[in-house]
Amino acid sequence: MTPDEDNDQPMLEADEGETEPMSLIEVERIAEALVFASAEPVPEAFLSERLPRGTDVGAVMRRLMEAYAPRGVNLIRTGDRWAFRTAADLSFVIRKDENEAKKLSRAALEVLAIIAYHQPVTRAEIEEIRGVQTSKGTLDVLMEAGWVRFRGRRRTPGRPVTLGTTVEFLDHFGLEELRDLPGLDELKGAGLLSGRIPPGFAIPIPQNVDDLAEDEDPITQLDLEELGLLTPGGEADE
Amino acid sequence: MTPDEDNDQPMLEADEGETEPMSLIEVERIAEALVFASAEPVPEAFLSERLPRGTDVGAVMRRLMEAYAPRGVNLIRTGDRWAFRTAADLSFVIRKDENEAKKLSRAALEVLAIIAYHQPVTRAEIEEIRGVQTSKGTLDVLMEAGWVRFRGRRRTPGRPVTLGTTVEFLDHFGLEELRDLPGLDELKGAGLLSGRIPPGFAIPIPQNVDDLAEDEDPITQLDLEELGLLTPGGEADE
Amino acid sequence: MAVTTSQNAIPMDKLWQEPERAADDPALVIDVGGFEGPLDLLLHLARNQKVDLARISVLALAEQYLQFVESARRVRIELAADYLVMAAWLAYLKSKLLIPQQARGDDGPSGEEMAATLAFRLKRLEAMREAATRLVNRNRLGRDVFARGAPEHIPHRVQSAYDASLYDLLSAYANLRQRGAVTQVTIEKRKVWSLADARNLLTRMLGEIADWTALQHYLLPYLPPEDRITATASAFAASLELVREGKLEMRQDGAFQPIYLRKGQPLGTTKPVLQAVAGDVD
């Protein structure tokens, strides 16, 4: 646990301003201090800027993560950011009553889940899935919580705004990335995330949830299906 | 992530509620998490309450202190309270001259939004929409942030200066182009616009940033100086 | 809400706690308020069939739903338009399922295919519900897991000395414009279906109207007599508008015949058609 300070670790190239090369241990200490001192997750790019040039930040962080794994405080990754958080299994001791996380209405929770699993998703698609209009303020609550954001607009007629989740969403629900959403693969496999095509009518096209750039791509087959511009009936030749 | 529960560490007397004795490692983890999550240095008495009866809190904390001593973060004791702090020799990484980003005032947000949606827009038009005068300080803040710029002059009597947003504005707010700003339906859908919207209520779709409008002349350096718009300082924001 | 009888099988987060609904009771106490729309009600009814949603009897489901709406009308509960539109659609589906497939030519998806679509939608809604439950029961920051309580700095890759999110910007703008608009607003209680209401409903139904559907024909019986004229008029006007926009197609086989609607076909496939529009919508 406690590393020796004057060990024989390999040295890294020093930053231009520095006169002496920095030991790996020192680099680790700096990274640790930067992340530990912050309540918000620290972007990896931020760490890169502050660590000596040529540092393999990912490797440094992974080593730190291992060192902290058995402790009461853990180093976790969320999105491309790093943060220290109390260990989940200690919830029972630290949990504060007055600190109860914001309560969400059932509708808000449902909308949040749909946005998380179907993103980028338009409001019309959310309504199509729920079969009911999203009441005013439901999205507002999610945006205010900082979990949902406008992502962009779909390049389809009407250019509807697409919604997605934020990095704060990942952090709040303890997700490293969107891929870690519970049950994502099963849902994909069951074709439940790909438009309204009933099973047996067409082969579901798996949606790459992580590909954030996809959002602004030109219209794809997938978009058309999601928007209902291609009717399931249209592929009735199956 | 979770430490081995059945290690051969000495056992402590369990708290009354518990059925199994808690290992020293567990006790250390809890103390560590409590201090980490606390907004203020944690009194030893508080730790005693939360740790199993009979725990030698002082000993636990001293062991933790030793474990953290060589790290980038140290456990320190002030009076009879415990806290984590960045190691003194690393304070230079934390203490950055980078001043924390300031929140924009509501007035500034409103003016910025009007400029974004209604550009090219003159100061008089902004005032008409807001119904209040815009203090010079507000525009200065937006200029300083790099989000607003002088676009040109309107070819109308008085040749008022027109304002618009910058590329940095798009970058900061994660917009690919101005047309990505949500329209009436999306604002309504997100619950941002509520209640009945009177007929004729419209939200403009902003044009491309770079194109001058038909009734707009490009602005010159000379114009700026002439207008005294380059002089710094201004009245306080409303 | 409805009578509560059964016990929770799955431990649920308290966020989810709400009265259990039972529908297998014939003397069902109806309160639509507890449901998140007609699809939610259908899902609830479907769950009571206690089979995999893929193997559900859509016919039985449609009948249950229609009974539900019927009894709501008996006790004079005003149902939201959403529920009525769903009833109309299910009545249509039911008729398609009961009448053997005739030579319907290009009539598109069969009753079975429509049923499969419905089953799919129910399954998807249920899956999203379960996903939401799993999500909310994770170890959440600020509840189960905590951040550094006494942060010493805020890491920012500051490009700007100022901070504001798109949400801040948009809500400031919306509030501002709202403030300016609010003075002219008069709030009226309407007993009529506005064009906007009708358009909204139709638009939402578009996803479900894959094929020629005599929606109004089925919708009318579910409307209180005094609402029929206004609803028909607005629905018809709204559908014309949607046809003009290419979002909907209409067909009527003859005067006084039902008017069939279907979703506009993708551009290039077919041109939007407006066939034999008669003024008589009955």
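Note that the chains are named A, B and C in the order they appear, and that numbering of residues resets to 1 at the start of each chain.
Here, contacts are C-beta pairs under 8 Å (C-beta built on N, C-alpha and C of every residue); 3 or more make two chains touch, one makes a residue touch a chain.
Owing to the predicted nature of the structure, the values given are computational and were not obtained by experimental measurement.
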Max contacts between which two chains? A-C
Most central chain, judged by mean Cα position vs. mean of all protein Cα atoms, is A
Chain of greatest Cα-centre distance to chain B: C
What's the distance between the Cα centroids of chain A and chain B, rounded to whole Å? 19
If you average the Cα atoms of chain A and of chain C to get two centres, how far apart are those centres in Å? 30
Could you tell me the distance, in whole angstrom, between the mean C-alpha positions of chain B and chain C? 38
Of all the residues in chain B, which ones touch at least 2 other chains? 33, 36-37, 84, 86, 94, 174-175, 182, 190, 192, 194
Using the touch rule from the top of the page, what residues of chain C touch 2 or more other chains? 146-149, 152-154, 156, 165-166, 170
Sites on chain B touched by chain A in the complex: 1-3, 25, 28-34, 36-37, 50, 66-67, 69-73, 84, 86-87, 90, 93-94, 174-176, 179-180, 182-183, 186, 188-192, 194
Residue numbers on chain B that touch chain C, as the complex places them: 33, 36-40, 83-86, 94-96, 98-104, 106, 108-110, 112-114, 116-117, 129-131, 141, 144-147, 168, 171-175, 181-182, 187, 190, 192-198, 201, 203
Which positions of chain A touch chain B when the two form their complex? 1-5, 28-34, 36-37, 50, 69-74, 84, 86-90, 93-94, 123, 134, 136-141, 143, 149-150, 152-153, 159-161, 216
Complex interface listing, chain C residues touching chain A: 15-16, 18, 36-40, 42, 54, 82, 86, 108-109, 113, 116-117, 119-121, 123-125, 127-132, 134-136, 138-149, 151-157, 165-167, 170, 200, 204, 206-207, 210-211, 263, 265-266, 269
Chain B partner, complex, touching residues on chain C are 146-150, 152-154, 156, 158-166, 168-178, 180-182, 184-187
